[in-house]
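Shared chain: subunit A. Partners: subunit B in the first complex, subunit C in the second.
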Partner chain A sequence: MNTIHVNINNIEIPTTADKTILDVCREHKIDIPTMCHLKGLSDVGACRLCIVEIEGMNKLQSACTTKVADHMIIQTNTDRIKKYRRITTELFFAERNHVCSVCVANGKCELQNLGYQVEMDHVRYPFLFPQCEVDTSHPWYVMDHNRCIMCTRCVRVCQEVEGAHNWDVMNRGHAVRIISDFNTPWGESTTCTSCGKCLHACPTGAIWPKAIVQGQLEKKPEIIEELIEKRKMHDGF
Partner chain B sequence: MDKQTLHINPVTRIEGHARITIELNEQGSVQNATFHVNEFRGFEKFCEGRMYTEMPTITPRICGICPTSHTLASVKACEMIQGIQPTYTAHLLRKLMHIGQNLSSHALSFFHLSAPDLLLGFDSDPIKRNIVGLAEANPDLALKGIRLRKFGQELSERITGKKIHIKGIVPGGMAFPLTEDNRKALLHWIPEALETVNTGLSIIKCFHEEHAEMVQSFATAPTLYMGTVGPDGTHELYDGKLRFVDAEGAILEDQIEPQSYLNYIAERSVNWSYLKYPYYKPLGIEHGIYRVGPLARLNIANRMKTPLAQQEFERFKKINGGKPVHGTFYYHYARLIEALNDIEEAEKILNDPKVTSLHIQHHGQWNYEEGIGSSEAPRGTLFHHYITDETGKLKKINLLIATGQNNPSMNRSILDVAKQYIRSEQLSEGMLNRVEAAIRCYDPCLSCSTHAIGTMPMIIELKNNKGALIQKIERT
Partner chain C sequence: MKNRKKIATVWLGGCSGCHMSFLDIDERILDIIQLADIVKSPIVDQKEFPYVDLALVEGSVTCDEHLAEIKNIRAKSKMLIAFGDCAVMTNVTGMRNYFPLNEVLDTSYVNAISNDEGGESPSHPCLMKLNDKAVPLQEVVTVDFVIPGCPPDADTIFYVLQEFLNDRTPNLSTAHKLKYG
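And now, the complex of A and B:
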């Protein structure tokens, strides 16, 4: 593929047109926060954290779903972007019930890390405190909707990598929920293979193994990409 | 003269928030006194619907002073649900952390909250009668108290990496081992900690001698006592069975499994406090008032585990000829004897060759719907009782906290002290401080937070039965 040139944060970078802005930034160690992106899975541009400014466009664009183009001029960390990232992060915390101190993912949570990254010292929006279900019906895992940020990484990993499509999305707006099968308890799912990939893909403490307590959670989101690469190698043979 | 009411609000130098109401009759003498805990926490309710395995993480947040006791009671309840036991090394590490918490809590109670009364005087200037005033008058002692508390907290920090709201105590054992470097570092503290506790013992004994009449008459109403003991009646903090003794020292119940606590303890609610009124069920509400905590543990025990604490325990037992010591002021003495026991036991555990073993956790899963765990918190026996559905989700939670069990006795002690010291015609701040001191003896833990030091205002209002203000004393 032909080489093109983009300008990111005033640095000229040669790349190819099949890549997204996020791909190019990650290749060149330019930091862009993400929540819904997980390497190996399709991108949906849901979390709006990876927004960037592109010269000539009024609207901010999500870096994970926007392909680079020749002579594109991009800014990834302006005051305007920082302001919106902070707002988005605060809304994540205000929408459901995130209590880091007693969460099983405390210290190993991508949402918690994001809070530190955008320097969220308080939340300016009223907390909704919704009454969310804790689905303990699966013999090994728990799905706690209080801690879900609707990144849909679990939905995509289940569909695209495991091929089971146990998880999906129901409703709209603040009533939106991740569901198992046709909204049945997870333990009664006929499609779940109990593989645990959704657990590793989940960025927060929403999906976790029953057997562990705070301090023992080990999530390995990188294994999703490893699995995909290994399958490619297998197909190649 | 009209009937009058005195309010002490808030009660200072305790852990939490409370107020005291003292009612005077037409003659100006104390007629009644009540202790109101005006905080509502709601843990038993908002934990419903959570997984039982989350409780060892959630319940330490009940209290910043005794989180380890809550975690221990909680994991024991979880282990009953799973039907497993921790490993030997995990037992040792849990004991160490529990000792650390007991030590730091006792250090806080004695050196920071109560020592200002003992060393500066009950009638001294309330602006100075706090840890800051103590640090000015006796900086060496204040520092020793702080360092003893530091040692207690290091026992948790060097095992789990956290001083407060510890993590790492998990169903089946521990999540983190103790390293050899940390074991050695903790052992270095032992001589200094022993010296500090001995200093505290000298202070309290000296106070007992100089104020013998006050100490022996300070809130001495007899009660029953309950606590945890080993198989032969030895003083126990971490694991053991329950024992009840009556006011004369006769054993009412012995070697009771903590899981059967509801057969022996009942609770009633009152409309003027969020704190319930537990009582010993077989004797009913009126005669079943019992106390827990350091004084109770020493009153029910046959002996201490360690030699220096045993020597002090024998002196303690002589105070009332081998019978239970009822004087509430002796809580301080009992607390220091326990602190001595803690340090000696910590040294013994740290020298156990298996304390640094990596075999720290057994693994289990949900097997039973009900779990009950208990531990001896610094303030007394603590119970966690969980009932789950068949997936491990909590349906019902009952937490019976030590301070709650002391509530009826605290009310009685306040009344005793108020009757002894309060006279409406000569109301003074020092008198009211003595009423507060009765509460401070129990070292109640009313919330999850440590208390402000001498900065909280105290307002005492004397009103007639029509609500008109007669006199007001203000502490800022």
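And now, the complex of A and C:
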């Protein structure tokens, strides 16, 4: 593929047109926060954290779903972008019930880290305090909707990597929920293989194994990409 | 010394953990009292809330008493600091907000497994009256600075106090001291 040139934060970068802005930024150690992106899964541009400014375009674009083009001029960290990232992060916290002090993911949570990254010291919006379900029906795992940010990483990993398609999405707006099968308890699922991939893909304390307690969660989201790479190797034989 | 400042520390709907963490600054409290007097605090015998330069308020606003108290504190403090996760975002004290208040009270006092039988929700007029929802301080008064954390680290508390007492503005982000939980 032919080499093209993009300009990111005033630096000329040679690359190829098959890549997204996020790919190029990650390759060149340009920091862009993400939540719904997970290496190995398809990109959906849902979390709106990877927004960037592209010269000639009024709207901010999500870096994970926008391909680079020759002579594209991109800014990844302007005051406008920082303002929106902080708003988005605060809305994650305001929408459901994030009580880090009693959360299994405390100290190892991607959402918590995002808060520190965007310098969120408090949330400027009123908390919604919705009554959310905690599904403990699965013999090994828990699904706590209080801590779900609707990144849909679990949905995509289950569908695209495991091929089981246990998870899906129901409703819209702040009534939106992740569901197991046709909105039945996870423990009664006829599709879930109990492989645990969604647990590792989930960036927060929403999906976790019953065998652990507060602050002890160890997730390895990078195993998803490793799995995919290993499968490709085997397919080659 | 005419520049000595006055500090108050108060706890509303919290567990006193933030105050424990405050005490964990240990001997550095001597550095604080070089620059300021702690005039109202659970460790000071003072009934009325006096006029102060800095008020550290732990806990959320959960009842009528807290609401009156935080308004009084606001009126008498040059700088009001929300101290800890409960004060900043309700934290554990807000977990009752997902349910109607009567259900919460009945769960504790009427239907609790530990109840022999019967039991009733406390309603004596001299008791404080729980509000429908616990709210963070910022929802009822203007807050000038926040220290999140459950509890905030002693180092963070000391850092913030020292900055304010030396007429500087602390920045938790650049000081790498932001923490929830």
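FYI, the second predicted complex is superposed on the first by the 236 of 237 C-alpha atoms of A that agree within 3 Å, B and C clash if a C-alpha of one lies under 4 Å from a C-alpha of the other, contacts with A are read in each partner's own complex, and residues count from 1 in each chain.
Assume a residue touches a chain if its C-beta (ideal position, glycine included) is under 8 Å from a C-beta of that chain, and two chains touch if they have at least 3 such contacts.
Small disclaimer: the values here were computed from a predicted structure and weren't measured.
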**OP:** Go through the superposed model and pick first if A:Ala211 touches only subunit B, second if only subunit C, both, or neither.
**Re:** first
Original post:
Which holds for A:Ser137: it touches subunit B only (first), subunit C only (second), both, or neither?
Top reply: first
**OP:** Could you tell me if A:Pro14 is touching subunit B, subunit C, both of them or neither one (first, second, both, neither)?
**Re:** neither
**OP:** Please indicate which partner A:Gly56 is in contact with in the superposed arrangement: first for subunit B, second for subunit C, both, or neither.
**Re:** neither
Subject >> subunit B or subunit C, by number of subunit A residues touched >> reply: C
Subject >> First (subunit B), second (subunit C), both or neither touched by A:Ser101 >> reply: both
**OP:** For A:Phe93, select first, second, both or neither according to whether it touches subunit B, subunit C, the two together, or no partner.
**Re:** second
Original post:
Of the residues on subunit A, which ones does subunit B touch that subunit C also touches?
Top reply: 101-102, 215
Subject >> Footprint of subunit B on subunit A - complex, ascending >> reply: 101-102, 104, 134, 136-137, 142, 187, 210-216
Subject >> subunit A partner contacts - residues on subunit C that touch it in the complex >> reply: 82, 85, 88-92, 94-95, 97-99, 133, 136, 138-139, 143, 146, 148, 150, 172-173, 178-181
Subject >> subunit B residues touching subunit A - in the complex, by the definition given at the top >> reply: 49-51, 53-54, 56-58, 61, 160, 165, 167-168, 170-171, 175-176, 363-366, 389, 391-393
Subject >> subunit C-facing residues of subunit A, complex >> reply: 93, 97-103, 106-107, 112, 115-116, 119-123, 126-127, 129-132, 215
